[in-house]
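Remarks on the structure that follows.
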Amino acid sequence: MAQKIRASIIGASGYTGGDLMRILLMHEGVELKCLTSERFAGVPVTKLNPNLRGFTQATFVSVTEIKPQENDVVFLCVPHEKAQDYVADYMKNYPHLKIIDLSADFRIHDQKTYEHYYCAHRHPQLLKEAVYGLPEIHREQIRSARLVACPGCLPTSTILPLYPIVKAGLIDLSHIVIDSKIGSAAAGASFDISTHHPERQGVVRAYKPSGHRHIAEMEQELSEAAGTQVKVSFSPHGVEMVRGIFTTVHAFLNRPVKDVDMWKLYRGAYGNSPFVRIIKDKETLYRYPEPKMVAGTNFADIGWEIDEHANRIVLMGAIDNLIKGSGGQATQCMNLMFGLDEKTGLWQPGLHPY
Amino acid sequence: MAQKIRASIIGASGYTGGDLMRILLMHEGVELKCLTSERFAGVPVTKLNPNLRGFTQATFVSVTEIKPQENDVVFLCVPHEKAQDYVADYMKNYPHLKIIDLSADFRIHDQKTYEHYYCAHRHPQLLKEAVYGLPEIHREQIRSARLVACPGCLPTSTILPLYPIVKAGLIDLSHIVIDSKIGSAAAGASFDISTHHPERQGVVRAYKPSGHRHIAEMEQELSEAAGTQVKVSFSPHGVEMVRGIFTTVHAFLNRPVKDVDMWKLYRGAYGNSPFVRIIKDKETLYRYPEPKMVAGTNFADIGWEIDEHANRIVLMGAIDNLIKGSGGQATQCMNLMFGLDEKTGLWQPGLHPY
Amino acid sequence: MAQKIRASIIGASGYTGGDLMRILLMHEGVELKCLTSERFAGVPVTKLNPNLRGFTQATFVSVTEIKPQENDVVFLCVPHEKAQDYVADYMKNYPHLKIIDLSADFRIHDQKTYEHYYCAHRHPQLLKEAVYGLPEIHREQIRSARLVACPGCLPTSTILPLYPIVKAGLIDLSHIVIDSKIGSAAAGASFDISTHHPERQGVVRAYKPSGHRHIAEMEQELSEAAGTQVKVSFSPHGVEMVRGIFTTVHAFLNRPVKDVDMWKLYRGAYGNSPFVRIIKDKETLYRYPEPKMVAGTNFADIGWEIDEHANRIVLMGAIDNLIKGSGGQATQCMNLMFGLDEKTGLWQPGLHPY
Amino acid sequence: MAQKIRASIIGASGYTGGDLMRILLMHEGVELKCLTSERFAGVPVTKLNPNLRGFTQATFVSVTEIKPQENDVVFLCVPHEKAQDYVADYMKNYPHLKIIDLSADFRIHDQKTYEHYYCAHRHPQLLKEAVYGLPEIHREQIRSARLVACPGCLPTSTILPLYPIVKAGLIDLSHIVIDSKIGSAAAGASFDISTHHPERQGVVRAYKPSGHRHIAEMEQELSEAAGTQVKVSFSPHGVEMVRGIFTTVHAFLNRPVKDVDMWKLYRGAYGNSPFVRIIKDKETLYRYPEPKMVAGTNFADIGWEIDEHANRIVLMGAIDNLIKGSGGQATQCMNLMFGLDEKTGLWQPGLHPY
């Protein structure tokens, strides 16, 4: 391989930054420069990432240590609102630098919508510069983007199974129900009573059954697919696992659909997308997508079942929220932005049993 | 207390029978006569129910050991199809005997519907004799019933939050989406690869996303509430817990509804039902129902959230599938049938943390 | 039942206090007076104990609300060091009042040992007044005690299987290895990174493999049994469960022992102790004690296996750390102190499956 | 890389064979020939290994399909007793072929010991040909071996922390207590009531507290280290995880030992062993080995704590039983046998959080 991509991670001490660090450390085409954390500056990264013992001697540094001119790409793993100024600074002052923002700050093209769900946006003029970093939908735009805004984990698991069927006009756009089940790592590395093990273990817990911020991304992408404004009904639930999302979409059909139609639709949409696997098997226990099958990987497994009784189609999506829903997807975008094979550094199967 | 109720359990070696046994053993008004199992006849019940060590010396016996004339009530914990002949025999030959059937054989009033979802019915004339044993909906009928057909666990968690709102005409009956999450004990005591721990641990696994048998009960009861035929969109998911169901109902509103309306509706419907708790709290982690809060109890906790954005209401129901979804509900019915306080033998809080 | 026992709990907002509250609320012979918490004064107890919804309307109050003269017993569920002054005050000023201290402050008879493992003791003269509240060992002393110091959870699971065999002189006192496995509820209601679900889920984590404070209690009681000073080798491990302890004791035999000898020994020691069950079964899956079988109960299940190859005996103890290891044991002591049947309010089987 | 190693797996349909298949599929130096299963011959391997979807189109074949002359190495993943004849056949008739046996059939050098713990051995003359496949102890022998017998998973987690300290004569050889905690995948892909999820979830379950077969391997290797016969006291416990073993060794010191001595000892023993990590950290949550840190990897993390009070040292070992305890170790042996870097195809960090 030619020259390595010089990369830094800002906000590397959380779960998102930590897992991205793991991926980039093992990526043959990347040279990791700075891993920043204001709170843990000076601390070896293995203190927070015991899995990386033996793989790195790096320590966290302050963000002030980053020399943008010595980087080809910067990954932002800071909370939304905090990413805004970094992006603005880098976009303005370091034209050579590519930026992959894992926060929500540049995902939403519409300022008002962003501000409704999040907070004031200080650099709204940059919103139109950002590409929504879902390679299976926006691959070509990502290739030439300077600023990529990586999708949220729940939207990734939702948009991938829904996009083709919405685009094909097969479903009633007024009654799209999205019911997600998500593991505890979604909370990130910061803790409170809601993640205290005795309180979190074995739950099925609705949180934000209405009004969840990720609705904004879902509706933006699905509206684009539909060519008209789409509203979704979205409710996520915490369940007992650490990594993983399973999303069930309940949609009502505009016209009868058969399995063969769905095969064609999904193969047409994702035939060239190595990380989308279509799971529809009649004979095995594993006949639908499952989070356990994608844990530790960058795959998004999608599937469906047709319910003739209720004129409904059930779509299913499963991802590892820390990989395809986060650092893996960011790496996939980076590969595209730098002309590498999309799979580089990410082509790993999961474990069975996990 | 006066004379004890003499009770037997047919098919006592499964999880349903085992947990009913536990409840009845501790019930001050019940004398347990026979606990039958053909496979385990002669074996002490504590061999299969290690929790009951110190509480009973009983052994399983063959069903031929039951003397119906020495019983006041018989509980049927056999699979559907097998209960049919027991019920017919007892109904015909032992007029004094009350029957509580925990199988699906007498839940469905309509023979065709039953036979569509299950199998041929050999005693269809008895279908009209059975009362659907959901005390919160059919309390008065249960009091005077000879034959009670206890609801399935998933329908219990679904019908309770839905019934009042359907009856009040508040929701669009054409788009009722029911997304349930259920623990592994639902599989019963018999095992296969799907319940093998390495394969089942930590899953979110769709099973029967369409066409699940419990749809029949749900539609029967909800149609009665609506005064018109209702179709539901139902998909259950296995998740990582042993006991417990959490059901999320996504329904679309016919007209705007406020929290205060829901409080009134549910209080009106369940104000006299000790085992339904309305959970709607703004300030705590536990602001919605959760399976962990009802585990080990006969409670059905119900709650809701209004989604103005999508004109939707999210209803939630949580039960312990082996208690309120099974033996506890059966005991509650028995209490009513014999004129006892509904709560007798069942008035226990859960554990926190569980 | 005659006059109810008037009881208050100081420090009722943690898991220990919360579970004791649950037990006492359901105890037919107890009238709960004050449930104190400085942090949560004014807050309904169900906000922290969602399982108790429908069972109480009580709110936490400040400890200053307690009127000792209107109580018959006070339970102390505060951390060690904090219990010292409450005990001293009540012992001195309220001679009618019985005190059950669930902290470690009065468990250790020897001041030096206490201070080695904990902190300075401000009222060492009271150490000799306290009875170590393990009813199976000190039942008669507890009956007449004014001050009972309830054992720690790990010592309860350890001393019960070991005491009789140590007393009988069957094992080598120099090589007693105690390897405990414990659930996350042991951490109490306060949280940090070590109990953050993604970090705690599925662990087997050694903590304090040497020097754990509970060694002091174990050695005190076992030395008493032995009639000579005993040292133990103790290492606890956090494992994936919420409630429960399983303790494996590895001891070396002074002379050959047979199963029948162990049966005699344990029956002799615990034949009159309703909450100790001897578990030794050849034919079932449940042939040894298990935490799942005692979860939600006050039982201490004990068992053994003889290892002729290594001249070793393996002793096993399983308890629910929040019940037999905490509030249940405290209630058992209270029953004895007030002349009630030891089982009152505690005679419940566990759930199967749990 | 030069010519690929042509490899087949006999008995590829279990968890051991399945995970070995995953590793070899991704191994750049291996060409997989036959994956045999009599029961699943003709079935795509992804039906049993859903994680491998997208990575292989292979189907299971009957063992009769193997052409030994077209293979360089055969891995045996069949149960003990069944491996004997395959090994004898290949050793006799295919001198070019290397054999890596993952069963117990050739682990024990002493026929009597093997037959005491297992069954009759039909080819005892081959026992002396086999090398015990623990690379960290027998690296040089493995390099030149034709027949390697891979260690059991529990012995791997035990021998690695114990071997150096036994060899150094630091501990009392008469009181070595080994207390292991192991996940459910150890049961393999075959199921019964003991692995039924409701019965297995959340357990701490002693199984074979005495007389476990793996004692034979442990004593063989440790006796070799000691230069005298060693007996161990070994008890494994099933705990709630899928993959993973944590072994706690409690040993008594012959003379005082300090942390610095242990560092020297372990560095000396394993400084050249890339898959042994010494974990001993004062400041973090992860200061000892943990199964979660090695899950999905070939690492064996080892650590210790000194207990001056009881003159004891606590040794700890953590591995993924399906990798370092099985197929990963087998691959590591293969690398050595074929002159590859030991790390080839295995150099992956785990996930955090897992």
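Per-chain residue numbering starts at 1, and chain names A, B, C and D are given in the order in which the chains are listed.
By our rule, a contact is a pair of C-beta atoms (placed from the backbone, for glycine too) under 8 Å apart; a residue touches a chain by one contact, two chains touch by 3 or more.
Quick caveat, the model's predicted, so the values are computed rather than measured.
Student: Figure out the least number of contact steps between chain B and chain D, where 1 means they touch directly.
Tutor: 1
Student: Select the chain at the greatest separation from chain D, using centres from the mean of Cα atoms.
Tutor: B
Student: So how far apart, in whole Å, are chain A and chain D when each is placed at the average of its C-alpha atoms?
Tutor: The separation of the two C-alpha centroids amounts to 36 Å.
Student: In whole angstrom, how far does the Cα centroid of chain A sit from the Cα centroid of chain C?
Tutor: The separation of the two C-alpha centroids amounts to 47 Å.
Student: In whole angstrom, how far does the Cα centroid of chain A sit from the Cα centroid of chain B?
Tutor: 39
Student: Which parts of chain A, given as residue numbers and ranges, touch two or more other chains?
Tutor: 15, 185, 193, 198, 201-202, 240, 242, 290, 353-354
Student: Write out the stretch or stretches of chain D touching chain A in their complex.
Tutor: Touching chain A: residues 15, 18-19, 22, 25-26, 47-55, 185, 242-243, 274, 277, 279, 281, 283-284, 286, 290, 293, 295-297, 299, 322, 348-354 of chain D.
Student: What residues of chain B sit close enough to touch chain D in their complex?
Tutor: Interface residues on chain B, with respect to chain D: 15, 183-185, 187, 189, 191-193, 195-198, 200-202, 240, 242.
Student: In their complex, what parts of chain C are in touch with chain D?
Tutor: Touching chain D from chain C are residues 175, 177, 179, 181, 193-194, 198-199, 201-206, 209-211, 215, 231-235, 237, 239-241, 244, 246, 248, 250, 252, 285, 288, 290-292, 305-310, 312, 314, 316, 318, 353-354.
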